Every structure is written in C-alpha cells, then in structure tokens.
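Here is the structure we will look at, set down as structure tokens.
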C-alpha cells in the first residue's frame, strides 16, 4: 500500500487504535514479514544471490514512520531495505524480481537486495557502504528546501553506522543547515542492538545512542520500535515539526532483528538463543494484532484472511520474479553515465 | 574573445551558470566569507548569498556526499575542494556513491555534480599536499575526469561539467591559475568532454599530455623547433575519462614516435594507460617504444632543491623526444 | 609441506607470527566474537584474547589510522578489512599517512602494518562490493602492494608483510579462499616481495597476471597446450609494488608475445602499467602489441548473467593469446 | 628546554606562582614567540616556502600542557606545530633548518613546517590533513599501554578538526579502548575560534565544543588557554589521571591566534581588527610575566634579559639554517620505504 495521506494521521489522533489505517498497517507489516520469509527461502534455493538482509522483527520501524509521510516525501536507507520499499508502495513483484536479478526488477536487476531504488515511490536507495548514505540524505533535504517545497527526507541507518566518519560529517552539516531551516531530514536509528556480531557496548563508547546525536544540536528521542503505535505517534509529531521548521530530528527506534544479520549469518555466536527467544515475545506484528483484536474486535478470520493475502502476495511476487526474463545483456553497458558511455572491451580492440 | 586568467575563466564559468540556472550552487571550505584560498570564488557570496555559496565545515566526505544527494534531487552542486589532496577523505562518497548510484538504480537518477579544485606540486607543500589524481579517479566508471590546460578550456569544460548529468572530477592546476589566454565571451561557449585537441602541429614526434604538463610540452616543442628544427606535435587530451585517443593515433601514424608527459609517479600513472593504448593501436606505426616522462617515484619532499628533482622539467621532455628519435 | 587452503594459509601465517612476536596483533570488524565473515580469524580471539584480537566499530579510517600510530610505536598491527571495498573509507589514512610518515619524518619511524582483506567480483555483490584495488594503491610510493595467487604465497608473503618495516596492502582473492595447495610447514618460510614467479613455462606466448586471474591463466594455458599445442608461459607477478618485471622481460624475449590479464576495468588499470613496461623494455622483441584482457568498463551489476558478462573468463584469455599470435 | 620532570609539577603545587619553573616557562613561551616572529620574517624573505602556520597567541596551550609531561611521553599535532616542538625541547636551529628545507633540519628538510617530527624528543609529527592524526594518536596510546608502559600521548588539534570523520572515529575508538584502560591519550582542542576563516558558529552545529566530546564517554573540560597557570593546573591533574587510568581525556583550551591562519592570510576578512586587538590584550606571555612581576618580584631587567636571550636564540636558529647545506640530492630517494626503494626514472629506462 502507498504512503498514507495527511488525513489518516489526524484520523489516528481522533481514534488511536481503531482507525482503518491501523488495519492497513497490520496488513502491510504482515506482507513485509511474509515477503521477507519468502526471500530467505529463495536465497536458500539459490534464486537470490549476493547478500540478503531481512527486516523481520523490525517491521514497525519501517511502517510506523513511512505511514506518517506524504506521497512526495523521500526515504534513504542502508542495505536492509526491503521493508521500506514495501511500505512506500513499491510493487512486491518488482522488488522480488530485483532480488532475482531479473530485467523486470526495480533497477533492471542491476542493484539487487542492497540497492533497492524506486524514485517514483520516493525510495532513493538502498546503499551498501555503512553510513555512506547519510550525507546523501542531508543533501537531498537541503535540495528540497532550496527548491521551496515542504517535502522532507527520512534516513534509516543502524546503530553500527553511528561509528563511521560519514555519520559524523552528515550530522554536523545537517545540524548547521538546520539552524537555517534548510535541512528537513528525520534520521531513524534502527537500534537492533548489534552491528553484525558486535553489540552496542562493544562498538559504541557511549551506549546511549540518541544522546550521541545531541553533539550535533539535533533534537532526539527514543521510541519502542516494536510498538507501532508508539513509533507512529512520535513520527506524526516529528514529521509535522520537521516539515514546518526545516530542522533535522533524530528518532532512535529500539528494536531487534529476529533473523541473522544476513542470510549467511547462521551460527550467530554473538547472541544466545534465549535472547532471541525473549525478543520474539515482542513481535511487532503480534503487538499490533493483539491490540486490534482486544480493543477493536479484529476477528481471527480477518487476521487469517490478511495473512493468507500476504502469503499469496509474496508467492505472486516470487512467481513474477521467476517468470520474468533475465536482464538484457545490453543493459550491462547502460546507465553508467548519461553520455560517453563505456566502450565494450571487444570494440576497444584494434585489428 | 577577451583575455582571461585560468582563475577568472573558472570563476566566470561558475557565475555565468549560476546566473543562468538557479539549480547551480557551490559549496566548499572558506569559499564564502574568506573568498577562497585561491580566490577562485571571490565575490560570489556577496552576489549569490549563503544559500547558493555555502561555507562548509572541514568535512570533505560531507561535502561530496551531500552534493550527491542534492544532485539526485535536481540541483547542480559544485564542490570546491580546497585542494584535491583533501578529496581523498571523500573517496568513498565519490567512487562508491556518486559514480555508482545511476548504475545500481538502473538509471533512475541523474547525478549532475562537479568536484573541482587544484592539484599538483611545485610550491613546497610537501608530501600530503602536492599530489595529482587523474589516474586515481579515471580508473572508475561512472564519472568523468577532466584536466583543462588553458583558460579557454577551463571555462568551456567547466560549463560542460555544470550542465551535464553526471559527476565530474574537474582537476585544476594550481600552477596555471595565473596563466592568461583568450577566452570566448559567448555565455554558451562550451568545450565537449572526450575530445582531445592538437595543441601544436608537428611531423617528427607526438607529445601527449594535459594540464600543466601540456603547457610545458608546448614550450619544449617551440624550443626544439627553434633550436634544433625538431617539430613536435603536441596533443592536449583535456579529458582523461572518457579518453579520446583518435587524434593521438592519427598523429602517431604521421610521426611514428610518441612521448607521454605526466607530472606524478610513473608506476600505474596516467601515462601508462596512454602509452599502452598508443601501442595497441599504432604498433606497426611506431618506430620506437612510447616514452613516458614522469615525476620521480617518491612522496613529494619539502626542500625546494629536492622538489625540483622530483618533478619533470623541460629537459626531461627534451630527453624523451631525443630518445624516441634515437638521437640520444 | 602440507595441503592447506588459501584461507588457512592466511590464518596460519597470522597465528604463527602472533606466537612468535607479541608485538603482532590484529584488529577488524567482527574478527573476534563473530570469528570473521570469511572465518579467516576463526579461533584467534579465544587463543590470543581481546587485547590482541580487537573487534573494532565500523570505522575503517579509525582502524587504519590507529594501526599507523601503533606501528610508529613499535607494534605490528594487522588490519582486516571485511572487504577491501570498505578500505576506500580509509584511503586518506592509508595514502596520506601510512604511506608518507616515514618520508616526511626523514626516516625517523618504521610503519610495520598490514592492511589485508578480500577483493574482487563474482558472487553478485553488485557495484559497491565487487571492486579490485591493485592499481588504486600501487600508484602511491611508501607502501607495498601484494596480491598472492596461491596458498603458499599467501602464507609466505603475509609473513613477509608482518615482519617488514613498511605498510603493506595485502590483497586477497575472496574467490581463492577455498583453494587448496601445498604449503611449507617451516614457520620461517617467507616469500620475498618484488619477486615475480614463472608459474608455468612455455615458449609461444607470455601471460602475465596475479591472484585469481593468474590461476585462470594457468587453466587456460593447460587447455591450450592440450587442445591446440600452444605453450603459454604464465608469470605470476605476486607483488604489484614493487613490480618485478625482469622475469616478464626474459619471457617475452623468448616468446615475443604477451597477454596481460586483470579482472577489473581496462582504463588506468594495472594491466596498463604492465603492458607499457613490457613495451618499453621489449619493443624490438615484440611480434605483436601486448594484449590486455580486462573486465568491462562498468560498475559491477548484480544480475548473475550481467556479472558474468562483466568479468574476464577463460575464453577471453584464449582470445588474447590467439590475437597476439595473429591466429584470430 | 626539555620537558619538566615529575617533581617540578609537584613543586608547582607547593608554590603556585614563584617556583623557578614558571620563569622557565616564561622563557620558553618568549622563545616560541620570538621564534615564530622570525619564521614570519623569513617566510616574507622567501627563505621559508610552502605553508607557514604560527602559534603566536596560543603559546600557553603548548607550554602549559607539555611542561606537565614526562620525558618519555609523546605528542601528536597538526600543521601548527612549531611551539610543541620547542616546548618538547627540539633544537631551534634544527627546526628552523627544517623550515628552510636544509639537510640539517629535523627531518632532513623533507617535511617542512607542517610536518615537524622529532621522535627523540617525543614529537611524533606534525600532520597536514586536518584531523588525520587523531587516529594515529589513539593507536599510539594503545601501543604504549599494550607494551606495559605508563607513557601517555597528547594530541593537539583545532576546533575545525572536530568536524571531520576521522575525529569521530578516533574519539569513539579511544573511548572504547579507554573502558579497558587501554588508551592513555589527552586530546587538546586548540579552540582559537576559527577554522581558517570560518568561525565556530559557522562550522559546528553545537558550539560548545567540549560538550561534543561527551558523545564518546570521554571526560572533558574547558580551560582558559591564555592563562598558563590555569592550563598547567588542569594538565597536571589530567596527566596524572590519564597515566593512572589509561583512559582518554579531553581539554578544550580556549585561545586565540594573533596572526593570520597562515602566512598567506593577510586580509583576514573573517574577523575585525578590533576583535584581534581585544584578544591581544590577553597575551599569554604578558599574563604570565605580569603575574611573576607582581607576585614573585620578577625584575624588568630579568624580563629584558629573557627576551634578549629568546631573540638571540631565534637569530641563532636562523643563522644555523642559513648556513646549513641544502638537503642532499640522494635524500630524494631515501626514507620512502625501508626496502625495495624507488628506482630513479632515469635508471628505469631501457636502452
């Protein structure tokens, strides 16, 4: 589903739990979950290559913030980017086709899982160098203000990304530009406790991550990333504020990834099974579903229907990807630059 | 036509484009209030204001990365690196982001941005501040790399860079900033990328170079013509990526001899690509192996006398010409 | 001698040196608790403890820069880059600091450090994660750049790197980690830098390469010998800086034909330096221009079929050999 | 003069103002001043090339901290490094010879003003890439602890250097290693209000610089960098603490540069003459001298004698540099690497 309209958020205010959009969000998060499970299966089958990083367990962080945006706002993220694409309304089939390296993929199969990109729906990538995209997000925010729009940027990154230089340079520049009302960007720390196998205590001298952001005069707050009501609540307020002021804001979403860092992270020697189990008790989808059942009388059959739909959507996406043709060979040489593109080695030869 | 310095030609190109298109802006360290350490941006803050002439913190990665984001959203940022040596700090943002986002997005965005600044040795700035980066960047697809050697090219190529759709590494020669030359007044005068130029015609030896070394080669060519009647054809590559070797091949077909001149270290330097390409294309035409004139393979020393020994001078080019003529 | 994988050879080299010299330590991302994304460092944290096996934050510049400081004070740090692609973030610390401090201090300090990690394409990691850096680093004086192509060289050259006095860029081929080969057991077995190796003798064509492409060249050489009676001499450069071209020249004097094989982009790639050097030294011996086998000049695409088209394979090397033999 | 011994600092405690070492420090700061003035003159004469950044106005920041160190402690700094070299006891003649690019220079003329290096006296450089040396300092501190010594590192950098990525990565790693008692480094922010022509308000989103360092769990405090009693007071305490704990510490020395950023910075459009004048009223040398005259009865003729000595020392340094032979040509090819050094282009040719 596409990003919600402004009204919806006010609706949410009017009726916190039972507005139709919460059901939509449950549907969206369920789709993300089923989609990610499908990617893991297809990876094991060898249909998906390279690295694969899924969002399972963190769904509320994607859906809770993105649903608070306008159609024309834009999003940057790291390589853990499937959920954001789905939340922004990208076609599941095209996403899966991208993961399959097919010509029908979002980026014609040239980017893959780490580089999902769908400008039409506001997704400006999908980047693989940890922290490398934060500066891009700050620059994009400047551009949107410079052009006189009220569009804003949301930039997702992990706890581990906070230790690299480009995070620091991006934050300080965003802070400075924010003083001029020229940097409407919301930085979302996807604090899932680990940078690959390194826990926060072991990678960050100061473990209170949002406190670190104060060094840039950027207001920041923590939110329970497993509770979409909490995430969306903060997001509605922050989105409004950032849109009004043109100043950056940082939200630390405390969450947890239920799967390994990537599909290759099977042993997970850095965390105990029990720890994972404990966190699975706070499944963001279950939290939303239970609330809707208890408070709004969402029926089990509706939940079941929703889940069947999501499973079918994921299956449809896989089928579409499966049946799509491979990337066109000539694509190899396209999109390198707009002009003066590459000369194929063979043609560069002299007889 | 009017006479302009290389420095003023660069400033004119930027200001004319900023007048023409409000999407063009410039950012860098001390380019505004300070007016630029090389005064390239003198007067620009006053004229365009702080939203379009952005003084940045010392954060080259931040400058380059934010420029990528701006460019993806439709602006045309120019990033002034105080010197290109500092851009190494931004290598990831340039090589892994600016140069690749068009490709891995399947062509969903243009990335019209220019990273420009001076490079090269010669004024005792020692090891960290005297480097040249043409081969460093030109190996990577996804960007254009240019190194103009005249005021006219500086202006025309910078305009092409600003009006383009891709990241451009615009390498200026600090040593040429003061150099004067005729520059067309037409505000739409541009010089296309990927077009080498015959800077001087000659029938005996082809000298291939760019930027300051091209100027040095021209001086040597005049000297050799006057003193020894040796006529060198000097080719100014102007663009390193994409390389336009056709005029070089045509010249070598005529002269059968080639010398490539590059300021910096020989191993894996730009001259290697040029020499290798010439040999691939003109093997049967060549009467001698292509000779590479380069700087010594050492970090740049501070001491004036050592620095002079580390960089190529006229006599080195002369020597190269004699060598390919088997006259030495 | 015992049979070891390239991966184990690297681990053995590090552990033997850590046993031998407490000044040797290793740092990197997820090399300890996680035991390394490629499991190169498996078991090391348990054996040597957290002071000698340091899990770092995601901070490549921090890793490289702190290593320089450690090395200046007498330690022998090994920095594992999860992949060399990430080391671009540390380019300034490597190229402007590690490579230059000995020089601008007038030789007051040694900088014994190793920056090692896998590079190269082939497993659909797309544009930002599939690059090779030999020409990127080898242009800069002040460092050594090596790219071993066998388990034995991996072990012997890593020991030389760890025991040395200078920064070493140790480029591993991720694709070779699983490859097995005979490795000497002698804990003092080392392989010197700057010594190329004749990997296979032959009289018809000289193929020059290193790392994985050298292995591919060997396979092609066997095939050509079996199928067509063409005998290729394969030279394994092993070190890119300092380059040891003498064995190549000697070979070309014999074969009169040379093919250089490199995985990545042709423009300004390593093959250009090698081809240019061969031509300079062996101009009169060459019966054909040196041919460069390279990857296509594009950022690495994700799609498997496109990635296969972007990188060199056996048929490309065969084609090169035929070309220099005018047999195609 | 060389770094003071431990005792001296205790002496300072015993008798804050009149211990002989304060007179020594006045002498040292006067030498730095006269030396720097001499370098500016020689630069204008063309005897010194490249960039020249002098320490005039900031002398107490170098002398106040370095005098609190032990002989075997080490110092890293940026390109504004003459004062630290003199405070560490480097020979003024060798420093000047380095600036003249002579073979008798500290680094045989290969480094110049930005890269002063004197390992024997604990100076580990002199670096020209802003912020680039902070990571080196953190690594050096780790090494000193790893080797079981009680030596510590002092790392100087400017306010502008705090905005570059390597600052961030160095601070976080120092903070982390400090938790293990493995990073005895004192970071000294030379806060002179400007990064070249850019004031703090214009380069730092958060203008309270030491507050920024809290983001790394590194204790920090501000000190009046013009008052050597204050600087030395903090330094004595911090040096002792860092030596004991192996944990990093940050001191923000609030100071001002009386000269331009570099010898080429003549116009100084970024600051008003009046502002400079105002700060000149708080000349660190005058502050110390007056205190010694008032409290300890330092006589004018002693002050004069001291100044004459400093002027003579600077002149002697210039004379030594003048008369020293040029760097040896063969030096061009030495110190590149320990083995497999460069092949001169000429020898690389094939006949």
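Points to keep in mind about this one:
Going in written order, the chains are labelled A, B, C and D, and every chain counts its residues from 1.
One rule holds in what follows: contacts are C-beta pairs under 8 Å (C-beta built on N, C-alpha and C of every residue); 3 or more make two chains touch, one makes a residue touch a chain.
Everything numeric in this text was worked out from a predicted model, so none of it was measured.
Using the average of C-alpha coordinates as each chain's centre, D ends up farthest from chain C. Rounded to whole angstrom, the centroid-to-centroid distance between chain B and chain C, based on C-alpha atoms, equals 30 Å. Centroid to centroid, with C-alpha atoms defining each point, chain A and chain C lie 36 Å apart.
Chain geometry summary: the mean Cα position of chain C and that of chain D are 40 Å apart. Chain A and chain D have CA centres that are 46 Å apart.
Residue positions of chain D touching 2 or more other chains: 108-112, 115, 127, 129, 163-166, 169, 172-173, 176, 202-204, 331, 336, 342, 349-350. In chain C, the residues touching two or more other chains are 56-57, 59, 61-62, 85, 89, 92, 96, 103-104, 126-128, 141-142, 280, 289, 297-299, 301-302.
Taken as a graph of touching chains, this assembly is complete, with every chain in contact with every other. Chain contact summary for the complex, chain B toward chain D: residues 29-30, 33-35, 37, 55-62, 85-86, 89, 123-129, 266, 289, 294-299, 301-306, 309-310, 316, 323. On the chain D side of its complex with chain B, the touching residues are 49-51, 98, 101-103, 108-112, 114-115, 127-131, 160-161, 163-166, 195-198, 202-204, 264, 269-270, 326-327, 329, 331-333, 336, 342-345, 348-350. Across the interface of their complex, chain D is touched by residues 163-169, 171-176, 178-179, 202-206, 211-218 of chain A. Residues of chain B touching chain C in their complex: 85, 88-89, 91-92, 95-96, 99-100, 103-104, 126-128, 135-136, 138-142, 240-241, 243, 264-265, 267-273, 275-277, 279-280, 283, 286, 288-292, 297-299, 301-302.
Taken in their complex, chain B has these residues touching chain A: 25, 50-51, 56-57, 59, 61-62, 64-75, 77, 92-93, 96-97, 101-110, 141-144, 164-166, 193-194, 242, 280-281.
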